[in-house]
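In the two assemblies presented below, chain A is common to both, partnered first by chain B and then by chain C.
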Partner chain A sequence: MGQQRRYKQLESTAQLKKLITRYYALSRYHRLWGRPLKRPLAWVTSGAPVELLRAFKIHSVYPEQYGALCSTSKATLGLCQEAEAAGYSPDLCSYATSNIGSVLKADIAPMKGLPKPDLVVACNNICGTVLKWYEALARHFQVPLIVIDTPFLTGDMTDHAKEYVLEQFKDLISQMEKLTGRNFNPGELGKISDLSNEAVGLWKEIRGLCRAKPSPLNGPDLFIHMAPIVVLRGTREAADYYRLLKDEVKKRVEREESALEEEKIRLVWDNIAIWSNMFKFFKMFSERGACFVTDTYTGGWSMEIAPGDPLESLAATYTEVFLNRSPEFRAKQIIDLIKEFKADGFVMHSNRSCKPYSLVQEVIRKRVMQETGVPGLVVEADMADPRAFAEEPIRNRVQAFLETLSD
Partner chain B sequence: MAKFYLGVDIGSLTTKIVLINDAAEIVGRATGRSGYSGKEIAMRLAAGLLENNGLKTSEVVATVATGYGRVTFPADREISEITCQARGIAHLFNRARTVIDIGGQDSKVIKLLPGGKVADFAMNDKCAAGTGRFLEVMAGALEVKVEELGDLAARAGESCPISSICTVFAESEIISHISAGKSKPDIVAGVCDSVAARVTSMTARTGLEQEVVFTGGVARNNGVVNALARHLGCTLSVPPEPEITAALGAALSALGFSKN
Partner chain C sequence: MLNMDQKFKGIDQIDLLIDEAGLNGDKRRERYPDRKFYGFFCSYLPEELVLAAGMQPLRLFPSSLQGTPAELPAYCCSLAKGTLSLAKPGTYDDLAGYGFVHTCDTMQCLGGIWKDIVSQDKTYMIVPPVMLGAPGADKYFRIEAENLLFALGQLNKSNPGNSEVAAALKLCRQVRQLAGELDQLRPMLPSQLVSALLRAGQVMPREEYVSALQNALPVLKEKAEEAGARKKLLVTGAVLENDSFFSMVEELGGRVVADDTCTGYRHFIEPPIKEETENLMQTLINRYIEMPPCPCRNRGLDTRLNYLESLARRRGAAAAIILIRKYCDPHAWDAVPLAKGLRDAGIQVLVMELEGAGVGGQERTRLQAFIESL
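Then we have the complex of A and B:
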């Protein structure tokens, strides 16, 4: 071991950069085109039913995705400190604090912060934090706050839950009709949902290609290339991008080309990436030949919208998001991934920020180890805040874990 | 020419080295404060050990380094202390299934499979709670030596609860116990209980299976040994030299890979 292993970048990355740069440029100059075209700008949570907003030609931006971007640009610490100085607790989710910091002090934020919203939309299918976070945003910007409450699913989806979410979607529709002056067009929603499904289907296929041994992609590839499925889901550009990416990944598989120089250990990742130190962290694994062949996080965006009434299907899809489900469901998810992808172990990032994701991990870890017989490691850090990343202790655990898998 | 194998464990507080022969018998050991450069200390300890045993450097055929300073030392291999600890303990106690190690700045629980392979482990290494450093700070606040803690705890009537896990806050809790007139033995017992409670909750993650071996410098402290046995509800085996077992494991690894 010890020799440095280079990160093999995909060629599609150039196209990805173009796509995301264009998206952020459009967002940034929204004030120039949004009003004349009567297309309001919304700040939305990652699990919001964006297809519905797109049906009203609303332009959505994602504070969480922007939070990841702040972290990879090393801006999170300053932004969090800004919010903490204003009284926000350092125990809050660092996406929330860094985003609030970027609102309070735009000049230290990448791209001078996100453009001012006309409305904010929070869906609590991912966590409860977003409710208070978006309340604070709505208060600050003096804009309407739309909340979609998806009941936590202790088991399978229930008719009652679906009905409840559907009713809220209907409310949302009448609010959006008023706000945008457009009428709701179910045909348009159907088309957008189809585009979503196209991108989601391709993303699913790409993820599936990593069943190959050696895997064509490693964790960082999945994390980098997930951006369009989050922010451009339901657009033609996203679907086109994933077609390009799929072709490239497929070629890697055909050539039996590995994401690493030599794949020796196959792992499953659980939780959000450690954006602040992503490459440094994953290198601790790749330099020992350990590849993250799949994960639970980027898989969160591989849920198709079922055929049938688009509104009803959307209600089901957005309520069945994995973070809104029981520990049993999530344990089974990891067990299935380990079996399907023939993984030798799994690594859980106990993410200081994200309580719904991290709190039940120890329970899940035990269950998965019992059921599959493969070992699981927990590393403590934070997806965005670099203060929670203790490099040496983490390296120590990672090395010990990989040693148990190597002998 | 006789062959020897060196294990070097450069910890955050102390550096330990162990020399073994072909038959895996310990021929020498040495420990010293890691200080500013654990590597320098380890080199000096190794040179002294060889000299005392009348050995030449060339007779040491393989070296393995472990512990926080492992990458700094010019060894043939560096192996994490989890793996080394497991190896050392499996060698000394072949029925060991759980190792509890409390070192200077971290504490860990290792679950072993029969044969000494690591099945699972849990570590507390982000803060000093439940570690040797924690005990040092508390001993400092009580103006006693760390070595005296065991005897003091044995004389306790009722242990004073220490609820903070933060070392700094726990120190101020001790100061308020002192000003409330609590006796030193009672406060020391509280300190030992606090370490034991912290480590016990960590064992819940890996699961507790007997035989349980307690290692690391803190295992020399009877106050903590007794408190831990009480919290875990089982007896603990303590190696005669509990701080050198990871270095021993490192030496055994050196022997293992040079034979293959």
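Then we have the complex of A and C:
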């Protein structure tokens, strides 16, 4: 693990590992006892309104999170090739194709694949890929497909978009009532939303602590510790975990302890991590004292559900996620992060898997540079598929970029 | 029997339509100096509303000579790259505006980029529902359409109301009916001819198109003859900016008897509408909800497959060709279940990935082998 030598692991990581291991073990058991107890198992997208599913005691597993896990376990390539042999193009999102590969050939997949679903639930607030991916899953497993269609917002949220999402939520509720035999309990949803907000609020605070100079966390910390906010949002465990993490990060700030040995450059990261080579890649920065103090991706899960009618608030929260917004919105987000976190530069991962995230980056980069005067670098790779990671050219670009920042 | 006058007129009009299709709107300013054109990309843009606001819908196509604009990465489809590289030097500056439809992730991004570097004020994106059968989808879509109409009116300083919308709907129905007649003749006409005649209807003023096609159809009917030994094919895919694929099919002994491309008959199809509603806008929108869906939308898991299968059967197509533009995610995704479903139904399938609409030696070899194997 020579690559990780400079990486100062947080103590909470041990607890995180336990939590995630337990979650996957539970998911597996769920496959066995979930159905008789009318607690179906759903595969859901990262931006799906999981609070609503939890209100029906549906257990959710996250193929996207599993996609990241496959990549860090070096399994993605084999899984993608499996999907490609079945006709899926290598140009498609590698979370999706590796997931399909794991469905087609579980024995080469980490943990022998995810436990089979009773239903699949996609929300297209992150991309159009999830519609096609979940259609494929529904066909393969012959299970119900539920899609929550959250219209792309070219500007601000509109009344008719909100009403449309709300109508679909109501429909989802009546479908879930039939599927689980349980009645919808708005009080229960309110409680779950509160738990979501608790975890989200803590995650926000943790991210906010990185405004400190030096920053207590670096990009990889944010990426590693985001797992519970994705897979356990709306549970007590997630809220408890982030309380623990916050205490630790706060202590680092009080001790003025840096995530790196010495923080010289502060950067903002845009897009999903390059899981396949995460430590190798981030080390190119950390060995020169460049710290990723914040990012746009893990911040995607720091949107609280507003008080008021829980269904209406959920409709707004899930439609207004940043990937469902215009380039202007996204540019402003990065500009604000640069200002708030006093960053010296930003790095955009042009992620060939994720078109909605990546295709607008150049326009955003120019705008951010114009408004902040801070330079931005684009690095082309893929979040999960190692074939798209060209180490030498990337290293050269990173070095040249950091040199200009150190001048 | 047509008299000589009708015949010559018909032939002239066919020439005109082929010419227009070859130009893809390039000579719009000289040919139609009094018309205002409004650029669009996708068949889910309600053309009726553009017409109601006093403009002519012009489908924007990439050209074969195109660069890669710096704003887009290499892993983006050539439709987006090509149109953006045409827009940057001002090729479209005469257009009254640009109408985007939210379809795929690429179009979502292109719309945003267009606003940023081509025109902030003249660019508009309508966001139809993805789940066409979802509760509330029809109302949501109707309001999106009303907002589009309002924006178009402001753009063209017109104030389109019910009567303008009704007139535009009538014109579009006329176009669609004529296109439907042409599509019926497809098994008996050269594939590239039908493809060109249909594309012309997306790049020239619609009244002129109606009149040209009206005059052309009787001659086409006379010329129509059975495909003979030609291999009957169904073609499905997205946008095709020229007819080279269809010509190649003919050269290799095939005939496209059924077409489901965005720029082919799917653009014009008039699905049986349940009933006219009292709300004109809802009636208009219902067509877009009911038409055979493209891969970016969902109206049930197997709707698209079932439609293609029955289309192939009705037209007696023995095989299907699924065309995918490189880096086009929605069509690449659908290719897998379509190929499987059609094969299971006894229809042979060839999946072909193309850089753009142009085809070359490599495609010829594959297509030839496929057609010969039928």
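Criterion: the second predicted complex is superposed on the first by the 402 of 407 C-alpha atoms of A that agree within 3 Å, B and C clash if a C-alpha of one lies under 4 Å from a C-alpha of the other, contacts with A are read in each partner's own complex, and residues count from 1 in each chain.
Going forward, contacts are C-beta pairs under 8 Å (C-beta built on N, C-alpha and C of every residue); 3 or more make two chains touch, one makes a residue touch a chain.
For clarity, every value in this text was computed on a predicted model and none was experimentally measured.
Asks: Does chain B (first) or chain C (second) touch A:Gly78, or do both, or does neither?
Replies: neither
Asks: Looking at the overlay, does A:Gly201 come into contact with chain B only (first), chain C only (second), both, or neither?
Replies: Neither partner.
Asks: Output check: A:Pro386 vs chain B and chain C. Expected answer is one of first, second, both, neither. What do you get?
Replies: neither
Asks: Return first, second, both or neither, reflecting whether A:Pro327 touches chain B, chain C, both chains, or no partner chain.
Replies: After superposing on A, A:Pro327 lies in contact with chain C but is clear of chain B.
Asks: Touching A:Met369, do we find chain B (first), chain C (second), both, or neither?
Replies: It touches chain B, and chain C stays clear.
Asks: Quick one: classify A:Gln168 as touching chain B (first), chain C (second), both or neither.
Replies: second
Asks: Figure out whether A:Arg397 sits in contact with chain B (first) or chain C (second), or with both, or with neither.
Replies: The answer is first: A:Arg397 touches chain B but not chain C.
Asks: Is it chain B or chain C that touches the larger share of residues in chain A?
Replies: C
Asks: Go through chain A and flag every residue that touches chain B in one model and chain C in the other.
Replies: 362, 380
Asks: Tell me, which parts of chain A touch chain C in their complex?
Replies: The touching residues are 86-89, 91-93, 124, 127-129, 131-133, 135-136, 138-139, 145, 147, 149, 151-152, 154, 160-161, 163-164, 166-168, 170-171, 326-328, 350, 352, 355-356, 358-363, 367, 380.
Asks: Give the list of chain B residues in touch with chain A in this complex.
Replies: Result: residues 68, 79-83, 106, 117-123, 125-126, 205 of chain B touch chain A.
Asks: Okay, in this complex, where on chain C does chain A touch?
Replies: Interface residues on chain C, with respect to chain A: 70-73, 75-76, 80, 102-106, 108-113, 115-117, 125, 127, 129-131, 134-137, 139-140, 143-144, 295-296, 298, 301, 324, 326-327, 329-330, 332-337, 339-340, 351, 353.
Asks: Where on chain A does chain B make contact in their complex?
Replies: Chain A reaches chain B through residues 362, 369, 375, 378, 380, 390, 392-393, 396-397, 399-400, 403-404, 407.
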